[in-house]
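You will see chain A twice below: alongside chain B first, and alongside chain C after that.
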Partner chain A sequence: MTDPTPHHDGAATAGARPAEVEIRDLTVVYRTEHGDLPAVSHASLDLRAGEITGLVGESGSGKSTLALSLLNAVPAPGRITTGSVEVAGVGDVTRLTGRRLRRTRGSALGYVFQASQNSLNPLKTVGKQLLDLGRSHEVEDLRGLVRRAGDLCERMGLDADRVLDSYQHELSGGMRQRIGIVLALVLNAEVLVLDEPTTALDMISQAAVLDIVRSVHRENGLATLVVTHDMGVVSEIADRLAVMYGGRIVEHGPAGELLRRPSHPYTRALIGATARIVGDPGLARALPGQPPDLTTLARRGCVFRDRCPLAMPVCEESDPALSEWTPGRFRACHAEPAPADRAAAVPAPRTQDDPIGGRP
Partner chain B sequence: MKGFLLRLAAKLAAGLTMVFTVATFTFFLVHALPGNPGDAAYEGYVLGGMPPELARAKVAVVYGFTSHEPLVDQYLGYLGQLLHGNLGVSISYSGVPVTDVIRAAVPWTVLPVLSGLLLSFLVGCTAGVVAAVRRNSRSGGLLSLSGSLMAGVPSFVLALLLAFLFHTLWNVLPYGDTSDVTIAPGFTAEYLGSVATHAVLPVATYALLGYGSWLLTMKSSVASVLGDDFILAAELRGIAPATRMRYIGRNAVLPLFTTLALSVGHMFAGSVLIEDVFDYPGLGNLLLKSIGNRDYPLMGGAFLLITVTIVVANILAELLYSVIDPRVRR
Partner chain C sequence: MIEARNITRTYTGRGAFTGTRTVHALRGVDFTLPRGGAVSFIGESGCGKTTLGKVLTGLETFDEGELLVDGTDLAKLSARRRAPYFRRIQMIHQDPYSALNPTRDVGQILGDPLRMRARETGATRAQQRERAAELLELVGLRPAVLAKYPHQLSGGQRQRVVVARALTVDPEALVADESVSMIDVSMRLGILSLLRDLRERLGISLLFITHDVATARYLGEGGELHVIYRGQVIERGPTDTVVQRPVHPYTQCLLSAIPVLRGLEEPGPDRLVPLAALDERAATPGCLFAPRCPFATAECAAGRPALTALPADDAHRHACLHPRARRVVATEAAAVR
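Moving on, here comes the complex of A and B:
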């Protein structure tokens, strides 16, 4: 972290630019023996160019499923049942099929997926796979592609010649992760999705990869989505934050404000539990009780009510909708926002102590 | 690279041990048989009025050892002859060296077995990929079913069935011997055509025999590769379907090379029955005949050759594997 400007307080710019990606009312179900069970329910979210959006939530909350929906790539037995994903210059990705869908993946939308450690064909060198990527997207100037990949490699602190001539088994975990990012960006994608980009890495590689993501993001003015269950990661790099629980986006808003003054009872519990130990990935221990899975998820009412300290009768009956309770901040909860929340929703004075302590 | 050389050396050592064991086994087999054939022949010659010295020398030529020396000396003498590529002299083809008899039979087994194996490998693996990719559709299900059925058919039943259908019933294919006896061997279209049509039935039998198990093995291998992360990653990068299929195929076929080497051995063993059905004068046929004629030198030679072939196939598989898998190479 050499950068002095805080990018938590990006609320002022939010809404000014048109969104690069508009997710609206997105529902994704998995077919199981208990019928179609929703892993993502009526989710709406915008990704804007120049912003890093963090998507956090416990394991199983539907983060990866949501992220894969951006590429209309939810694997069977999952499928998108409602909603749309409008990508600037592409259209509604959920309606694309065949060749157009394939060409959109990789060239407009770069995806670095959860198990990026093993995202390469073990039998081919990185360079050959780069050429496969170029040919698949009918890149005319393959030399230019290799040059661009080489530049990206150097930017990421990789020896380009060596890396392009290597097989996966000859590269370390951190190197593979970076190559995953290179391949996601080499076709000039404007949207970058990273699913758990640092989970499998040691602390030093984590910091390096986050630095790289941030600087490439800035330089290319990308719309970036970082999926993680590590609050340390989001407090490091996110401009905006979306919190998922049981397939719903329960709260989203500018990252700094949201971390300082969480409003939804779930977000509060999440942040309260990790405030002292930012960076600890053991979110499952954050709350009493178990996170729901698809079969135990409440079909009616608020999905969080079994673990919620504020649960009321109405929470049994109806599922709270995500609404803008104060400019720029959204939450899905029946309880009245505490007055302190409203007060704190205006950007906090710079002198105030950062209660999260996520920044050095 | 070092690991690879080490493994190759281990294979070579294991192979040589195997050859040595088989050679020893055939030697002692001949000796353990009731009425040691060497002794029996010697007695026969002497009874026939031959001087004992001459009879002993003749036995020594035919069997590669004389039964009057101590067993250890005989054994060492036999091994020494082996090292010089001398397998003795055939009894049933009186006086012809075993190596010559075998050399004449080898191509008629090696070529059909290898082409049948290659054919079944290519067709079976391709069908296996399709069956795995379309495992939820009707065509995929039918393919898998065909594999399961074919994998269960015994070799001689298949050979008899093919001979019956294509020769006896429809009379579209010749059978028996390697070519039409009325055609003079030579580099003529007529002779080569006759050889080719005569080879169809044996080759088809080998090919159909392997097809089922290749299909099933490849199907499960592809299914496991389909679940690998890098395939999903390739899809998320928009890699073209044909390229993805190549990724899948190459990764899935890799573990099959070990099986390929083993099946060379199976096929050679199977050639004994199949060549018998088609009356095809290859190694398997020779082996069967040598057993019938109690031609022990020939028998031992044929056994030895089959063993060597299996060893060589194993080593070739190892080399092939290392060409395809970079993790082995460097």
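Moving on, here comes the complex of A and C:
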């Protein structure tokens, strides 16, 4: 197969292990009364072992659809029309069906769903649901499975015996979120996908969950994808960031770099619209306009042009391709990158190795 | 002006096996919300902040204390005489998806309270319609939205409709309980600046309830910040002072939990570890936070400290036996711009 995008071998990942998941030229369309509308258009992204990738975008940007296509689980009327999702040791997930697909879900790819606080069965204890999971994956050693779940629970600061014997209503939101992660990892998945892992959690539970994601990611050497609308959440844990808008990945690169010197006008606006704890609050600027949905999305030209301060005539005409503008950094924009950005785009010292508070 | 004095609310529940258990949702909360002022309450889930919002808007009663609106103690009035006072304090709910009736269009959503208000002001139908369009403009929506149903609007737009609805009855104060937490981060700032604007332009006071200190800082500029823990205010002071120089370990934990924008910000050198979960029922005679506090001593378990002022700053109060400044808040990273 020909590779439609340049290989993502940026400065930050030079010499990195081969990608655990390779998403190439993925398009997902939803069939509606207005015709086939693309929720994800020609997206390419690599997930590497040992790396947390953050996928950021507003509601309707297609980020959850992209994440679901890793499981080949895009709900109808959506379907994958082009592209592939190669998962190491499994092959192209988009071509799997039936039993093989079911096996892959969970065992190769662990998925923590959006609002997973509410995705537990209210009628069964967590332990029973764990056994169901084991049986549906034909795990022989169910005792071993429970033991492994217990270990994972302990590592996340949960009392395993209590949790496994509890119903979901007996647990707090933060605890349920952790159980979601336990269930995603108990079958030894090497890829972990978390969709909005901290929405509906307060700040303290959020910090605790992020800390846990970071530590299980590290200990298990996972390839992790965190999908969120919150720049703060991803910047706290991600090594790489991909920014999505209107179904396209519009910018992509090492997290610190990208935050320090965002190059796409959307990324810049998104960071500028974050209420921050430092700096002058008067400088924060709300993003003008509304995020597009499938029906209002531009069919031609750049999807961001209506909200873009740099929009030019060419933006009406053609859709900019995602290209590497400086080693390791990708953007999809017709405007020239600011020369200062290019000059200053040197690899930054990593501040990533600092868990919250430097846990002893 | 709204004044709350020593507001206390206790819930008694009876579990099947656990016997009677008591939850202290509010333990003697005091604050003053001047006309056009801003007071923020921050704390995690289960700290009593939502109960406070409900008490203020008359959706919940309180056991002890006084709630004064322009000097009138509402607890002393009959329900009938109390109602007009509560009209002046309107609530903006957390979830714009469930706060609007899906079967009614925006025109109807705004029309009903406007009609009720017209009984007092004598506004004509035409004036009411005009007012509805005016309110939409005020919250940054086009008049065309009047004909739309909630499902045709985005979360941010819905929240603007909720704000417009609260404004139909000409309130003096808005109580915003986690008003932006269900909205996309990119749209939050728009709502926050709308609320800020209302405060500046119309002199509407704001009581902002949240777990997110960054938004409290944005909205509560120039106002007061109260940190509430298990119903007790454990630190209070001018917003900026509490955010930049917190002395109570709980405030410091809350501030430590704010994600750091790596690359743009450096984490504070004294950043604290994430806490174990809150148990809102655990009984202790001592400091409420002591069981989770990384710095608790034997003394802390013995007696509960009351709010005391810092020697250097009378406005900055805390309830800690060992107040200490720690640098937990992120700082602007060097060499940016």
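Odds and ends about this structure:
The criterion applied here is as follows: the second predicted complex is superposed on the first by the 320 of 360 C-alpha atoms of A that agree within 3 Å, B and C clash if a C-alpha of one lies under 4 Å from a C-alpha of the other, contacts with A are read in each partner's own complex, and residues count from 1 in each chain.
What we mean here is this: contacts are C-beta pairs under 8 Å (C-beta built on N, C-alpha and C of every residue); 3 or more make two chains touch, one makes a residue touch a chain.
Every value quoted in this text rests on a predicted model; they were computed, and no experiment measured them.
Ranked by how many residues of chain A each touches, chain B and chain C are led by C. By the touch criterion defined above, A:338 lies against neither chain B nor chain C after alignment on the C-alpha atoms of chain A.
In the superposition on chain A, contact is made by A:235 with chain C only, not with chain B. When the two structures are aligned on the shared chain, A:122 is found in touch with chain B, with no touch to chain C.
In the superposed model, A:321 makes contact with neither chain B nor chain C. By the touch criterion stated above, A:203 is placed in contact with chain C alone, chain B being left untouched.
Contacts of A:142 after superposition: neither chain B nor chain C is touched. Looking at the shared chain after the overlay, A:71 reaches chain B, while chain C stays out of its contact range. In the superposition on chain A, contact is made by A:132 with chain B only, not with chain C. In the superposed model, A:211 makes contact with chain C only, not with chain B. Listing the residues of chain C that touch chain A in their complex gives 44-45, 154-157, 181, 184-190, 192-193, 211-215, 217-218, 221, 243, 253-267, 271-278, 329-333, 336.
By the touch rule above, chain B contacts chain A in their complex via residues 228-230, 232-241, 243, 247, 250-251, 254, 324-327, 330. Taken together, the chain A residues at the contact with chain B in this complex read 68, 71, 73, 75, 102-107, 111, 113, 115-125, 132-133, 135-137, 167, 169-170, 180, 183-184. Across the interface of their complex, chain C is touched by residues 58-59, 157, 172-175, 200, 202-208, 210-211, 229-233, 235-236, 255-260, 269-271, 273-279, 281, 284-287, 290-291, 348, 351-352, 354, 356-359 of chain A.
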